[in-house]
Amino acid sequence: MAALKPFAMPKWGIEMTEGTVAGWQVEEGKPFAKGDVIVLIETDKITNEVEADADGCLVRLLVGAQETKPVGALLAVMGPPDASAAEIDAFVAAYRPAGSSAAANMEEAPASPPEPAPAPPPSAPPSKIADSIAISPAARRAAEAAGLSVADIAPSGRNGRITRQDVDKAMAGSRMPVLRGPIAVSGQEEAYASPLARRIAAQNGVDLAQLTGTGPRGRICKADVLAVANIPAPSAPLPVSSPPGDDVTVEPMSAMRKTIARRLTEAKQAIPHIYLRRRVRADALIALRARDGKIGTINDYLIRAAALALREVPSCNVQVHEGAIHRFAHADIAMAVATDRGLITPIITRADEHSIADIAKESARLAQRARAGKLRPEEFQGGSFSISNLGSFGVESFDAVINPPQGAILAVGAARQEPVDDNGAIRIVPVLHLSLSCDHRAIDGVDGARFLAAIAELIENPERL
Amino acid sequence: MQYSKDGLLRAYRRMATIRQFEERLHEEIAKGEIPGFTHLYAGQEAAAVGVCEHLDSDDMIVSTHRGHGHCIAKGCDVDGMMKEIYGSREGLCKGRGGSMHIADTSIGMLGANGIVGAGAPQAVGAAIAAKAAGKGKVAIAFSGDGACNQGTTFEAMNMAAVIKVPAIFVFENNHYSEHTGDAYAVGTALDIASRAEAFGMRAWRANGCDFYSTFEAMAELLDYVRSTNLPAAIELDTERFYGHFEGDPQRYRAKGEVARLREERDALKSFRASAVTKTYLSTDELDALDAAVGEEIDRAVEAARKAERPDPSHVLEDVYASY
Amino acid sequence: MSVMNIREAINQTLHDAMERDPSVILLGEDVAGGAGTAGGQEAIGGIWGTSTGLIGKFGPDRVIDTPISESAIVGAAAGAALAGMRPVAELMFADFIGVCGDQLINQIAKFRYMFGGKARCPVVVRLIYGAGMNSAAQHSQAFYNLLTAIPGLKVAMPSTPADAKGLLNEALHGDDPVMFFEHKALYGKKGEVPEGDYRVPFGHVRMAREGGDVTIVAFGRMVSFAEKAADKLAEDGIGCDIIDPRTTSPLDEEAILDSVEQTGRLVVVDECPPRCGLAADVTALVAQKAFTSLDAPPECVTAPHTPVPFSPELERAYVPGPPAIEAAVRRTLDWG
């Protein structure tokens, strides 16, 4: 039995789904040598030569010039020139493309319907859905882009057509939500109140008879009950928990607190944080600061160090926006300041161009204005990088939440006496614990690592500051 | 029949008011002052007034799309009507009905109606109320030779006969249902009254271009209805001096037809002739009434032009009593 | 409280209203029945039994047995209302709005508005509606959606005896025209009915069930089907808010939106075919006003876009039932 091998449509890159035979460069039955060009294949991007990776012979060409075939489709059969026609026929009939998509299967073997493919993982290559499938244009695009097999989708469109919603649902998969179940509260039926108003009243012990309705036709509405119950309007399902007891003071969030809450929630939910941690010897920095006459706080030195490190590692000196990365020529560094109204982060602009003394003056001024609530928007908006230092509160180390659209934040702990390896000797010196949070959408781990290396170098050799 | 001088002067004034109201509208519509479309009643004055002069405000009428004459004859405020037709907030219906939907239920005018034939069943309902009130009051449906072909009118006549209520079907045959002649469209051409008779009620026939003819026939009819609480009908042969609507080129009319009708079938002319021969009234008295009506219409138009326009927010009013 | 069925509740309410208010009259085909026959008046008592005993008590001037003339029935009701009465007109089948459409939609719906608020037209039109009795395409339709679309009309459809009394009584106290839809398959449904002058305000839903997971809005006969589905779903711990709007004009939008804000899921059950029906209407309302509350696409459980078929097998397939409602609820939960 002759050793026959398939010569199939190659796949170049994940987006290639099909190719067109632009022209055979060898003849059927004529041997070729390794390195000869066998065929020219055209995709929607390029025309490429397919070279022979060994000596051989195409014993049968199955596809003519200008014919388009899906990836994996059999284009020709390779084998010894003496292979019999019957052997070749049998080989062709038995051929199944390896890892073929459903669409390719259907083109090659229309007689036997393909096994319904399980929904491929999201990274699967796009597959072409046959024109014969009843599916709306938007659904087709969505399914093809996701590489989703539509064979298993139950169509809900007119005349059995698959809709975009069907595709969305198939991709979302089947997930039962957390059930809340039947509710047995519905007291005070006789009151003229909306059902939700009744429900809230029952849950909060509000007597509807005491209320005047402000809803349509004088009906008691949700807001009327909430006003009396002194609880904020529920935007989501009502809390199942009981209302706070007497020893709990309920205090509505201030506008600033709400902004902080919203922004940090968004940041934590939307930004893929990576955390890089490093210990840094601080003995040299502390000594330098003493020599300088303490012109600035440790934090001022760290701001200066971060600014210079950002200049060295510009890939960390970025803001991350929807679909774009903004790169900065200078280091505008935000410093976290705690005030009695909440956290605010005024910015030391161009910290890389200023001396420690200047930075110290500016940071003191900004902190004072922040605590007085007098910061102007331009004093706390923008920046590409933040430093949050809880060392003065004795915190050893922590991870900070990125302040969007900034690309990274450095969390600094207290300088603690810790043993370090000093050229083979163990020495106890002050050590800072740094934790860098990077927005992984724009900053890779290696960028962050370079930054940490740079700032560590500056802190341990502070003369350069 | 005996007529009082006051009664005749009042009837003439009503007819003259209708005539001048409609002729003035004809002018103002041509100037583009009035929105929408308007159906003028001029030519049929004797019918509306000959019927309504017998009624008081407890008697009820239901009118048609050509309803200005019925409104004036039933006693609607002429200023309020003019303002309504101009679409003013101060109109009888706050500018929400317009020419085709003038109503004043407080004086028994239950509404002009844009749907041909819709009024007849409503008059039957009003007659149920009239009978229930037990004061010998009646309800009248004005219909034309168009509405006499509507199934609603047949249903209403049959029901009135079956349930025995004092509903009166007044058929004003002006010989045109819109732009089609009664000789074509009415199967019993020139005889609508016999249809009512076929439903089992008494019917009268009169000249709807002659006040006395209409008034006297209605006197008999109303005596009968008020005393029996049974329905009745009357067919009034009358004429329309203008088109179906204002702007209708009236190509269906014979040459010189309108001029001839105005010469031979003008209710005001015939009223004057008879009034003077019967010596109750002098030409001078009637001329003075014409002049007074003219001033009234002038004032109404002036007032309508100056009247308050509706505010866009008014569009939401009065859909429901409560919602 | 006494227990009675919807037929009895309506009959009792009509008795009470005619006793209380001499301006209340009843017009319709066979509302007395038997007039002009050997059997005589009251041989029938109304083919639905809702006007039983009325003519004997109030006489033929107030219980007006009409010829088969729907336009004249509704038109006469309109005229009587303009003249100060409170007529109740019965359309033996709601399908007959096709016969008297003008009087409903061009006349009584518009008098108040066209006449500048000066006319009063408190007509109650009782329309007997709905599939389920093998009455075929011209005697089975649920046309409340058509009349809900007409400004000037109010539309009510009780699903319990208490609501039948409360809503009809409210209609008989108001000054607006009310289209009162009675489902022929619900007449025998029993329940407790409050005594006395019991009234249910329009535009105020009844919560047939409460639960935190899915909002079901169901109209008329569909309410009890939704309850059956909800009982089944409760076995799996799925809790349904079942909202019976009771009136579709006015519609208690607030209660529907409040509920969807809690559950994030909506199933609307309507006996009308899908196009331009109440299911589409409520779905649009929620999409417009509670879009961000939705966790799953709303589901509409309706009759198909066909006339009502005659054969029992076909009619069962036509009318939305508890299994379809249950499946729709589960589909909304499938969205996770």
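Letters A, B and C mark the chains as written, and numbering starts fresh at 1 in each.
Here is the rule we go by: a contact is a pair of C-beta atoms (placed from the backbone, for glycine too) under 8 Å apart; a residue touches a chain by one contact, two chains touch by 3 or more.
Predicted model only: the values in this text are computed from it and were never measured.
With centres taken as mean C-alpha coordinates, the chain found closest to the middle of all protein C-alpha atoms is C.
With chains reduced to the mean position of their C-alpha atoms, the one farthest from subunit A is B. Subunit A and subunit C, compared by their mean Cα positions, are separated by 52 Å. With centres set at the average Cα position, the gap from subunit B to subunit C is 39 Å. Mean C-alpha position of subunit A lies 78 Å from that of subunit B.
For subunit C, the set of residues that touch two or more other chains comprises 203, 250. The multi-chain contact residues of subunit B, meaning those touching 2 or more other chains, are 322. In subunit A, the residues that reach two or more other chains under the touch definition are 217.
For subunit B in complex with subunit C, the touching residues are 60, 62, 91-97, 101, 103-106, 110-111, 113-115, 118, 120-132, 139, 151-152, 155-156, 158-159, 162-163, 317-323.
Within the complex formed with subunit A, the residues of subunit C that make contact are 201, 203-205, 207, 209-213, 234, 237-241, 243, 250, 252, 254-255, 258-259, 261-262, 295, 297, 333-336. The touching residues of subunit A, when paired with subunit C in their complex, are 165, 169, 172-177, 179-186, 192, 194-196, 199, 215-217, 219, 221-222, 235, 237-238.
Those residues of subunit C that touch subunit B in the complex are listed here as 22-23, 25, 60-62, 64, 66-67, 69, 71-85, 87, 102-103, 106-107, 111-120, 151-152, 154, 174-176, 202-203, 250.
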